[in-house]
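So that we are looking at the same thing, I have put the structure below in C-alpha cells.
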Amino acid sequence: MNMSRDHFRILLPVLSLVVLLAGVFYLQPRAMSYFGLNLLFNLAVPVALATIAQMMIIMVNDIDLSIGTFVSFCACVTATFVQETPLLGYLILLMSIGAYAGIGALIHYRNLPAIVVTLGTSFVWGGLAILILPSPGGSSPEWLHAIMKSKPPLVPMAIIASVIIGVLTHLLIKRSSFGVLLRGVGGNDRTLSRAGWSVLKLKASAYGLAGLFGVLSGMALIGLTTSADANIALRYTLLSIAGVILGGGEFTGGRVSPIGAVIGALTLTLAASFLSFLKLSPDWQIGSQGAILILVLAARLAFAKREAQQ
Amino acid sequence: MNTAISETHASTAPLVHLDAVQKHFGKLQALKGASLSISAGECLGLVGHNGAGKSTLVKIINGRLPPTLGTISYRGMSHSYTADDNAEQAHTTGIRSVFQELSLCPNLTVLENYRVPFRDMPRRSWRRVAGARVMQSLDTIFPGHAIQARDTVENLSIAERQMVEIAIAFSSRTHPARLMILDEPTSSLDAAIARQLLDYIKTFCRAGGSVIFISHMLGEIFDVASRIIVMKDGLITDDRPTADFNRQSLVDAMGHVIPEGEAVAQSGTRIPGERVLSTDSGLNARKHEIVGLAGLAGHGQTRALASFYLESTSRWQGSRNSRVVFVAGDRARDGLMPLWSILQNLSLKTLIEFGTRFFIDRQQEQQLAADWKQKIGIRTDDLDSPILSLSGGNQQKVLFARALASSAPIVVMDDPMRGVDVGTKKDVYAMIQQEAAKGRTFLWYSTETDEILECDRVFVFRDGQISAELIGDDITEENILTASFGMKENAA
Amino acid sequence: MSDPTTPVLTRQTRNPVSLFKKPWIWAYVAAGAAFLGTMAISGGQGAGSLFYTAMTFASFAAIVGVGQMLVITLGPGNVDLSIPSSMTLAATLALKVMNSEPGMVLIGLATALLVGLGCGIFNFSLIILLRIPPIIATLSSSFIFQSLAIWSNRGLRIKPPESMSQFVTGGVLGIPNVALVGIAIAMAAWVALERGIAGRWILAIGQNMRAASFSGVPVNTVRFAVYVSCAVLASIAGFLLANFSGGAALNMGAEYMLMSIAVVVIGGSSIGGGNSNVPGIWGASLFMFLVVSMLNSYGLGAGVRLIMTGIIIVAVVSLASKPGELR
C-alpha cells in the first residue's frame, strides 16, 4: 500500500464519517432523505465554523480555550445589536475580530502561553455576553434566518454550507501563498523570520481569521436558533478542539486540514444523532462523542504504527 | 536558471567586504577581527576547528548577526550596524545560505517551501510557477533525483531534505543568487549526490557566482575552492589561493587542537573483566573497559547510546542500584534542569540512592554536592546558585558528577566534552581512567580524536551502523578516518 | 526523616527559583486588597462572615487547583480538562451510595476516592497507551465521565446525610472544616514537592522530560501518579462541594475547569511547567472568590465580574512572563 501521510490524514476522518452515516442509515432508513439529512446535520454549520476558527489557532501551535464563549458573545451581538441597529452591530463584530488579532499579537510579542491568555479572554467574552443578554432573548435578523433555514433543491442547506466552508478555507489555507506562510509559522517560525517575514503579523492574522470564523459561527447559530443566550455555545470550545483533531489535525507543527476539520465537525454532530437513533438513552450522547474521539485517535495510532513499520 | 548572473561583471566592487569585524557574545569574543573580500566568481573554502568562528563569520556576512565592531559593506555600498539593514542588504545582494540545521518547514511541500524565502513572489498561478522553478533547480543540480514538487518535506529522507534546501537556495527569485554560503552541505548526502553538488558549485562559479564552502572534508575543499581561508580562535589566520596549499600544509595551518603531550595511557594497567553488555547493534563492553564510539557526527552514535540506555532502564521503576548512568553531551536537550540550582541538578540521579523511602535526605544531599564540588572542581562559591550561572564546562562537570555519584557499573557518555576547556578535560580523562580501574565500564562517544585515543576499544560508526571495530594499537586517527568516511572521501 | 520546621525559610530564599521575591505573595496581597475593598463598602461589618465564606469557597478551588498544579508542573501540553466531570461523577456516585444515611459517610467518601482513582487511571491510560495528547485525552474522557454522571444521576437529587452537611458547613475556631481539609491537602502537596523525592521528579520532568529519563527518573510512574492525584483531588473537592450545596448537580463542576487553571497561574506557578507554587494556590483561590464578592458589593453584575476576572488573568500572565522565557 503506497499511501502518503497526507492522504491517510484525510482518509481517516472521511472513513469515520462514512461509517457513522452508514450506521445511521442502517438504523433509520428514513434518514436517507432530504428531510432526514437536514435534521441530522442541522446544527453542523456553526460547529464547523467554530472548528475552523480553532484550526486557525492550532495551525500556529496555539490552542484557544475561549472560542465557545466568543461564539456565544457573537451570537448575543447578532441577536441584539445586529438585529436592532445593524451598523453598530457589525461594528462590534468587526472590532471583536480586531481584538482577536490583537490577542494573537500580544501572545506572540510577550511569548505568553496561549492556553492561559485565551482562558482569561474567555471570561471577558462571557462577561460581555452576559452584559448584552442577561437573560435568554433577542431574535435573528430576517435575512440570516432566511438563509440558514432555506431549503435549496436536492441538497440540504447544512451540507451545501459545510462544503462551501470546507472548500473556501481549503483554498485559503492549503492553496494560497498566504496560507503557506500561515502554516509555515506552525512548521518552523524561525525560518520564516529569517526569510524576513514578520511572525507577529502572521500570528495576528491567524488569530484574526479565527475571530472572523468565530463571528460567522455565532451568526450562523443565531440564524438557526433565532434567539440567543449568553451560554449558548460554551460546548464549542471542546467540540472545536475535538473536531480539529478528528479531522486529522495535530496540536503542533502546523499540520491541519480544513476539509478534515469540517468533516470532523460533521462527524461529531452526527455522532449525537447516531446514538439517538441507536435508541441509546440521551444520557450517553456526550459520552459517546468522547468514545468516538478516542476510537478515532486509537485508529490513527494503529495506522501510524503500521506506517512506521513499512 | 541563474538568469542574472551574467550581469555580475558590470561592477568591479567586491560582493562583500569585511573590515576588521569583531563579534562579542558577552565576554566571549567569537570573532576577534576579520577582514575579508569576496569577488564574483570566487569559491572560498572555509576551514577551521569547531569553535574557530566559522559560523559567526558567515552569519555576519549574511546579515543575521550585526558586527560588534568593524564594518561590512555589500557591493561597495555603505554599511550599517543594525541587523535588519544588513539582512536586507544581504538579501538584495543575493546572498543565500544553507546551514546544517535544516531550515525547511517540515509540514509544507517542496514547492511551498520555495515560497517562504521568496518574499515578493508573483501571486498568479504561483503553484505552477513555484513547482516548475524548484524542479528545474533540482533537476539542474541533482539530475536523476526522485523528489516531486508536491512531496511534503517531512516525508522525505534527510538527504532529500538537504537536496531540497540546496535547490531552493540556488533557485531563481527576484534577486538572483550571487553569493551562496554552504555550511557542511554534504554531511548528509551520499558520495554520488555530493559529487553532483560539487560539480554544480564549479559550474555556478564559472558562470560568475560566488560560494563560501564550509566543510570538514578537505578533499571537497581542494576540489571546489579557488581560495582557502583558515580560521583559528576567532581570527582568519590564513587566506591564500588553493594552489598554495597541499593537504599537509592545510592541516598544519588549521593547527592541532590540543597537542596531546602525555596521554594518560594507563590502559595497559587495566585488565578487562567479564563482558557486561552487548546490544543488538553490535556494541559490547567488558568490566574495567573504556569503549569508544567514533565516526563522523550524526552517524548514529548518539542514537545507539540513547537506545541502549533507555532499554536498560525502566521508565516505570526508580531503582536504587541502577545498572547504567548517562552523561549527556547535548546539555540543554538531554541533561540540564534549567530552573534548578547546581545542588539540585547534581543530586537528581542519586536522590533515591541515599534518601529514605519518600523524603530527600538533605544533609546527605549537601554532603554529596560538597564532595563532588571538591572532587571534580566545580567553580562556584554557592552550590545553591542557579545551574545556568555556571560556564558550559562547569555545567558539564555537574552532569558528570550527577552520573558518577551513583553506584551504577556502566557509564554511557554522549560526546560530553563539547565546550569544555582543556584543563577540565584532563581532569575528567584521569577520573575516567581511575573509575575504570575501580571496575566501571565506559561507553564513550566522542567527536574528538584525542579522546578516542584514550579508549581501549573503538567502534566506528557510519550511516547508523558499526563499520569497524578497532583494538589497541589499531586505534589510530588514520584507521578511524578510513572507517568513518568509507567510499565517500575517495570519491571526493 | 527531615525536620519540616527549621530550614524552610532560609532554603526558600536561597533557592534560585523562588528567589525572585516569592511570586505567591502577590496572590495574597491581591486577596487582601479585595477583602479590604469589600469591607470599605460595608464599613467593616461582616468581616468575620466574609472571611468564613471566602475560606469555604476558596477551599474547593484550592483542592482542585493543587491537582491541576501538579499536572501543569509536568510541562507544556499537560493540563487536566476532566476535573469538572470527575468532580461531578464522584459526587453523584458518592451521594447515591450514601443515600442520605448517616452511617454511610465513610463508604461514600471511599466511593468518591475510588471514582477519582478510576478517572485518573483512565486518563493516563489514554495518554500512555494510545499516546493521545493530554489535553485531548482528558477532554474525551471528560465526555465519558459526564455521561456516566448523567446516567447514574437520572435527575435525582439525593440529599447528603445530615452529619455530613453539618461537617462541611461547620468549622473549628472560626475556620471552616472544608478549609482545614483544603489546607491539609495543600500542606501535603507542599511537603511532597519541597521535601519528597517524588516532588523533585515531578519538577524535573516538567523542566526537561528527556533529561529526566536520562537521569533515572521513572517518568511514566511519576506522570501516572500525578494524573491520578489530580483526579482524586477533584473527586474529594466534588464530594465536599456536593455535601456543602445539599446535592450533586450535573453542572456543579463546570466553573472549576477554568478556575483550576486560573488559580495555578495567578498563584505564581509557571504555566510552562517545572516550577510549582503551592502557597500561591490558596492565595489565588481566596483572591478569585474575594474579587467576585468585592465586585458584588459594589453592585456590579455577573458580566462585569467575569470581565474583570478575565482581565486580571491576562494581566497577571502578561506581567509575569518575559519575552523569550521558556514556555
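By letter and in written order, the chains are A, B and C; residue numbering begins at 1 in each of them.
What we mean here is this: a contact is a pair of C-beta atoms (placed from the backbone, for glycine too) under 8 Å apart; a residue touches a chain by one contact, two chains touch by 3 or more.
Since the structure is predicted, the reported quantities are computational estimates derived from the model, not experimental observations.
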item	value
Result of counting contacting C-beta pairs for A-B and A-C, higher pair	A-C
Identity of the chain that, by mean CA position, is farthest from chain C	B
Chain centre separation (chain A, chain B; CA means) in Å	43
Gap in Å, rounded to a whole number, between the CA centres of chain C and chain A	30
For the chain B and chain C complex, residues of the former touching the latter	306, 309-310, 313-319, 322, 325-326, 328, 333-341, 344, 348-349, 351-352, 355-356, 358-362, 382, 384-386, 402, 406
Chain A-facing residues of chain C, complex	77, 79, 81, 126, 130-133, 135-136, 139-148, 150-151, 154, 258, 261-262, 265, 271-272, 301-314, 317-318, 321-325, 327
Partner chain B, residues of chain A touching it in the complex	4-6, 175, 177, 180-181, 183-184, 186-188, 190-192, 194-197, 253-255
Chain B contact footprint on chain C (complex, rising order)	1-2, 7, 14-17, 192, 195-198, 200-201, 203-204, 207-208, 210-221, 270, 274-275, 326
Touching residues on chain A, where the partner in the complex is chain C	63, 65, 106, 109-113, 115-117, 119-131, 134, 238, 241-242, 245, 251, 281, 283-291, 293-294, 297-298, 301
